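Below is the structure I would like to discuss, written out as structure tokens.
Note that the chains are named A, B, C, D, E and F in the order they appear, and that numbering of residues resets to 1 at the start of each chain.
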Amino acid sequence: MHVPSSIANQSDTARVHDGASVAASAMLGDFVVAYAGADVGEQCRVLGFTQLWPGVRLEAGAELGPGVTFEAPLPGEHAAIVVGPQARVGAGALICRGVRLGLGAVVTAGAVVTQDVPPHAVVSGSPARITDYVRNDTGAPAMAWHQRATFPQEPSVVPLGVGGVTLHRFKFLQDPRGDLSVGEFDREIPFLPKRYFLVMNVPSDKTRGEHAHRQCHQFLVCVKGSCAVVVDDLDQRCEVQLDSPDLGVYLPPMTWGIQYKYSSDAVLLVFASDYYAADDYIRDYDQFVAEKRTAISQEQA
Amino acid sequence: MHVPSSIANQSDTARVHDGASVAASAMLGDFVVAYAGADVGEQCRVLGFTQLWPGVRLEAGAELGPGVTFEAPLPGEHAAIVVGPQARVGAGALICRGVRLGLGAVVTAGAVVTQDVPPHAVVSGSPARITDYVRNDTGAPAMAWHQRATFPQEPSVVPLGVGGVTLHRFKFLQDPRGDLSVGEFDREIPFLPKRYFLVMNVPSDKTRGEHAHRQCHQFLVCVKGSCAVVVDDLDQRCEVQLDSPDLGVYLPPMTWGIQYKYSSDAVLLVFASDYYAADDYIRDYDQFVAEKRTAISQEQA
Amino acid sequence: MHVPSSIANQSDTARVHDGASVAASAMLGDFVVAYAGADVGEQCRVLGFTQLWPGVRLEAGAELGPGVTFEAPLPGEHAAIVVGPQARVGAGALICRGVRLGLGAVVTAGAVVTQDVPPHAVVSGSPARITDYVRNDTGAPAMAWHQRATFPQEPSVVPLGVGGVTLHRFKFLQDPRGDLSVGEFDREIPFLPKRYFLVMNVPSDKTRGEHAHRQCHQFLVCVKGSCAVVVDDLDQRCEVQLDSPDLGVYLPPMTWGIQYKYSSDAVLLVFASDYYAADDYIRDYDQFVAEKRTAISQEQA
Amino acid sequence: MHVPSSIANQSDTARVHDGASVAASAMLGDFVVAYAGADVGEQCRVLGFTQLWPGVRLEAGAELGPGVTFEAPLPGEHAAIVVGPQARVGAGALICRGVRLGLGAVVTAGAVVTQDVPPHAVVSGSPARITDYVRNDTGAPAMAWHQRATFPQEPSVVPLGVGGVTLHRFKFLQDPRGDLSVGEFDREIPFLPKRYFLVMNVPSDKTRGEHAHRQCHQFLVCVKGSCAVVVDDLDQRCEVQLDSPDLGVYLPPMTWGIQYKYSSDAVLLVFASDYYAADDYIRDYDQFVAEKRTAISQEQA
Amino acid sequence: MHVPSSIANQSDTARVHDGASVAASAMLGDFVVAYAGADVGEQCRVLGFTQLWPGVRLEAGAELGPGVTFEAPLPGEHAAIVVGPQARVGAGALICRGVRLGLGAVVTAGAVVTQDVPPHAVVSGSPARITDYVRNDTGAPAMAWHQRATFPQEPSVVPLGVGGVTLHRFKFLQDPRGDLSVGEFDREIPFLPKRYFLVMNVPSDKTRGEHAHRQCHQFLVCVKGSCAVVVDDLDQRCEVQLDSPDLGVYLPPMTWGIQYKYSSDAVLLVFASDYYAADDYIRDYDQFVAEKRTAISQEQA
Amino acid sequence: MHVPSSIANQSDTARVHDGASVAASAMLGDFVVAYAGADVGEQCRVLGFTQLWPGVRLEAGAELGPGVTFEAPLPGEHAAIVVGPQARVGAGALICRGVRLGLGAVVTAGAVVTQDVPPHAVVSGSPARITDYVRNDTGAPAMAWHQRATFPQEPSVVPLGVGGVTLHRFKFLQDPRGDLSVGEFDREIPFLPKRYFLVMNVPSDKTRGEHAHRQCHQFLVCVKGSCAVVVDDLDQRCEVQLDSPDLGVYLPPMTWGIQYKYSSDAVLLVFASDYYAADDYIRDYDQFVAEKRTAISQEQA
């Protein structure tokens, strides 16, 4: 954001109380107040009219538009609000007590955030819901894949540009007595399944998945209704809309996967190359970042 | 049917024209007319007020209630109507030109039959639709399984009493964020799949399947909506209603299978133990009867 | 029905077997057959092409159009079909085994009757459903009230012409916060209730009520959706459609009442002047006829 | 229909009473009875088991399948049933008292006909509904236009092959803010309207139109939902499905028009070139036949 | 709320203009401005960034989170906004001109309040709607009754813990011909009704009731759909969901009652023990508080 | 708005940076900041807690309630937000980057404005949608016509008080075979049409029309569903709801017209007196203002 020079790096109307921690490279705009126990990281920017309560922590590179309000702490407690690294909060947004915004998350202007926001997610509205993910450092939307590339109409396999993830179109036979979609394992789908599961009755505002597998391959088909699948290899994210039973997405191991925007009638069919093993799951994104970086550096070594 | 002795075996008001073929053991009631080219098999019974046109053939053991009407043939043709062995046609029913009723088929009173009726099927209404199948020689309904046995509520496997066919209840996890149903291959499901297919958009009055496999094992799950599955090992038939995504039916090779009564939103998921092979399919019921009998006699030998 | 003199009283093509009972005043048309065990009462008329099986009984004054088919009896049994006094069966109708048609019932042409038909009811279709009642000896429809009289639009009370039954229109106040309908007991409604009950989820092809009270007064309001109410004082029947929450019907004691044609969302609210008393109910129509006649003669004495 | 020689032209089981009129070229099959007052025209065929009551009239060339039932007349009356010239009644059909089947009408097997059938219409079911019209003497269906010709996708005008009737596709502009369809009078539509009317809330089993105008031009657009339009210039009939608001049909004067198969939400918009004038309407088909023939002969002269 | 000591009781950035009335025990946070004509009661707390206009009155114990905005007054007028005793307004909320928040009302963070909020009600969203009530001084939700107690499944009467209010489960008879629910006056329902009324077509965001009766008893049954009923005896509040026609709530005189959360198809049936009498209604909550307290003290005396 | 004298014309807590342009007659309230590149016109009022970024322009007479937030500009750019003459922005509203509010537009309190707002429109909600228009300088709502006047129930013509615009009620004939509505050109509708068009599938939050014709007359009928029509003759605006197929609105030339609030099933039929001519359209409101004023002055001369 461009800010007039008169208010950088710290406006003379801003106030930093004793006991507040504000990094030297941070910028505080007009009428910003940092109370004891607030913590503002390097390169953060707070544009104006914001009270940073005890327990509010802005991590490095976080940006807050004008008029952002944090809910005040309860008596004898800290507000315990965290704005993650590189997260951006739009003008006039409200962040409730106890909320944590993940790495690179985006809150659009005017949103009322009552729940945690996952890394790279974009939220908007009141109460705020996830509407998209951020593709990469350019800030482009992950759901823009449909604009960037041609959806295959004929049976074929298309890489999504995120690690080894592929999008599959299968044969679909239309018939007055009923339609038929067919897929073959070890031929079209690159493994033999040991397990399948069906996901259904997912509320439209819920997000599922949010994990990676260390060893297990997965293949997703939305056999009824529709849902959106976001895949993430650390470097890139991509969102595809599965809205036809002859579309599938293949997730190799060490791919972070998210499913959301389920239609009310959606049934998601998942094939897995292995039986269930609890220790194959990575459910913490920081842990995924760490293991994926190790894996990449080993590949490159 | 009980018939007063006064009209057996052939009423004096019945008329058999030259060129008609009527078996000695057949019974023709009052005002029945058999024209040249009609063919009435052994043990057939025709209760009254019926014209048997050229090209109408009643096979052994067929029974017709009173007031059954056959559509008359077109000029220069035969009616080409076949009532299969042991088939039963109810009072006041109408059978259209060209229709073939299969072995043991049942037409309820007043039905208007405009299409072929598969072996052992029960049809009713105008136009007539399949509403059930006949379980076995007792004439009991195949869909009575739900009355005869307890549907498993816990994860388990239940034999249906038709060859090696089994009904499976899987784990079903209810969760506010979406429900989950899981099945494991080579453990709960007795094979590893090479292929899956999805059947959907089946009109409610259509019947699918109607074939057996020589080698391939199949497993059926109705992942959305509901449908009915009829299984047939020649000796017995059974119908189960698949109306929950955690229910499945296993069909071993040499099982005749039928699916119908699809709800408008139904999606049927089928796993197959082999890739598609045209010569593994038996699509003609008579052929199935022949091969199955051979197989049974070889087993018994 | 007018029948050419050439076929009255018994056509030379009709046949009466030994053991059949046919009243002298009965008329049998062309190609009618009465088997041993059939019973045809006084003044009955059977127009043609009908087989009267063992166990078929036509009571006095019953009339059958041409081409009526009775389902044949099962082996060793009687058909056990009864056509009640003055009942009329239309051309081409089919009557299934075991069915009883009540006093004055009407089967329209082509109907397929699979269930008993109550006294004075009119049925049609395949399978046959009740569509109306017969008003009185003229054969006029009971539901013709809406054609005979003006439905009250303003709050008022209108006699239905059946004993002391009255139709009530109440005040209906429309308000942006919700509409309001008000009725007052002992003022608009001629009694203080002791009991209320709600009837709902009635399938559209079902009939309820079918009883009279000896002492109890009733008041019916269809508070949601719609239904039809038939009232019967022995001499007259009348049907009104209750399709608005500001309409009500008052039934004094010794009124036979029936409700049917419920819309899928209908909720019928009934007020009763007395607590439940099993011996206040008359559920058998013949019993109602007897008691009502006694009551009338006592009144007149 | 092919009939065995043994029953032509009149079976020995058929009976013709004194006072019945049966043409020499007519054919009566087994157990057909013609009572006094019945009238059977030249070249008629009645296949069997039918009672022809007083007042039943089969006009020249009418054909009845086996087991057709006519409702019997009321006392002192005639049945007043007319089967028009070249009309065909299928096996097991039932024709109610007072019904008139028009010229060339077709009743399918098993239908229960309770209402008049217009000329050239095809009816089926119970109660019978119009499902199609007969195109011309070949007996081909009028609704086959969609199979015979390509529906215009671009704005254009296509003759339907029935007099001067034309089918119009208009411009249709899709826009996220709302779609737009445009038609121009005196340019695309060949007249300036004096009147428009809207037809809506038509039950799906009702038929509208059934008239011709002497002077007035009409133009029909189904702006919501869909309906079918049948046009008839005496020589040919054609049915088109109007299922899009950018489709229209132009009817010049002296065109017989019918609309039916309304969807529940259908709104039909009609433009007329003249103000309402009662004497411009021809509502009787015979009258239309007469005036149209006069007009054609005058044109040719 | 916990506030850093540096801003209590009045921040040096807060401004109190001449003519403003601020109680000594009130706390004003950073950048709070009180203009002439504003009135801040004892123990009030205003956390920051709020303009208190002429005509804004915060009653004793009211609390405002950070960033609360009051709409400014029209020219020549006062804002006439009242925040009632002990009311709480969440962070970032907006209170429109003329709004009155009742005793103990709660506005959640980010809400936009455009209408008065009744005593003890909880509102949220934009525009703010009532979502709950506060049970008592503990701040617990009134709708938690379903968590605190077991809903009766068998016919019975359960006290709700609010004065003499009782919840009734009636007999419910399920029958394939229609379900039946029965309630008896003067037995199950503790009075004989003089009046009934039906409430329907209530928009889902509307609240009804909001009054008490001095003499009249009431009984509420939701005969279709569902609604929520809140009852209040001054000391306690309780909310029950009426979602079945066999549930009812009895309100004795001097009970404050509210109904809301109507489903779109809801029909609420109310019985009243008296005819309508305007002076029996208490529609002002303060008046209810006064009369109820008098009544209680008289009982205790 | 009434503002205490202590803050007019410029509060001592307000700050105007070098390079900001603030008119002498403008009023800036407490804690308002105008940065270099902001532009505040004559008679503007900004009540408090607002940052006026580079590129924010308030035109003459614009008014901003307290707590209005403008989205900050992107680096190296201006915010490019324009608040048009006499526009009013309610308390706590948020205006996004790049938005332009038209002449006299109204943003209600708490709205989140993400799109341009047309002249005289009223927007509210998050995101903000048009809910009304302003009738005239009194600020009264345009949609209040329904409160000011009686909608005609009988066929008739009613002037709307905006130039020569008239509202028409037509004959509506209900018929069991379908309802009929009739309108006559050159009689009831004051012109002969040259063109018609149908508007449908308009999302409920979209606005159409927004233009005037120089020569062409128009007539609007909503033949299915409903929509609102706003007419504007510069001096006055009026909104009517068309929700019945027998209602129409006549727009003479030089009338600005807008349609919105379409129900999901709405089909709007428009008749025009001329063929399409691009140069007959005035699509820019400023242009309309200029031409209309010229026309009025010529009339008056």
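As a convention for this text, contacts are C-beta pairs under 8 Å (C-beta built on N, C-alpha and C of every residue); 3 or more make two chains touch, one makes a residue touch a chain.
This structure is a prediction, so every number in the text was calculated from the model and none was measured.
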Count of contact steps on the shortest path from subunit A to subunit C: 2
Touching subunit B and also subunit E, the following chains: A, C
Chain located farthest away, centre of subunit B as origin (C-alpha): F
Angle of the C-alpha superposing rotation, subunit C to subunit E, to the nearest 5 degrees: 175
Same or different contact residues where subunit F meets its copy subunit D, judged by the half mark: same
Length of the line joining the C-alpha centres of subunit A and subunit B, rounded to whole Å: 53
Distance between chain centroids, defined by C-alpha means - subunit A, subunit D (Å): 63
Centroid distance [mean C-alpha coordinates] between subunit F and subunit A, Å: 39
Interface hub residues of subunit E, defined as touching at least two other chains: 31, 49, 67, 126
Chain contact graph, described as a line, ring, star, complete graph or other shape: other
Each pair of chains that touches, named by its two labels: A-B, A-E, A-F, B-C, B-D, C-D, C-E, D-F, E-F
In the complex with subunit B, residue positions of subunit C that touch it: 15, 17-18, 31, 33, 35-37, 49, 51, 53-54, 67, 69-77, 94, 96, 112, 126
Subunit F contact footprint on subunit A (complex, rising order): 1-4, 6-7, 13, 29-31, 47-49, 65-67, 90-92, 109-110, 125-126
Interfacial residue positions of subunit E with respect to subunit C in the complex: 176-187, 192-203, 206, 208, 221, 223-224, 245, 262, 265, 267, 269, 275-276
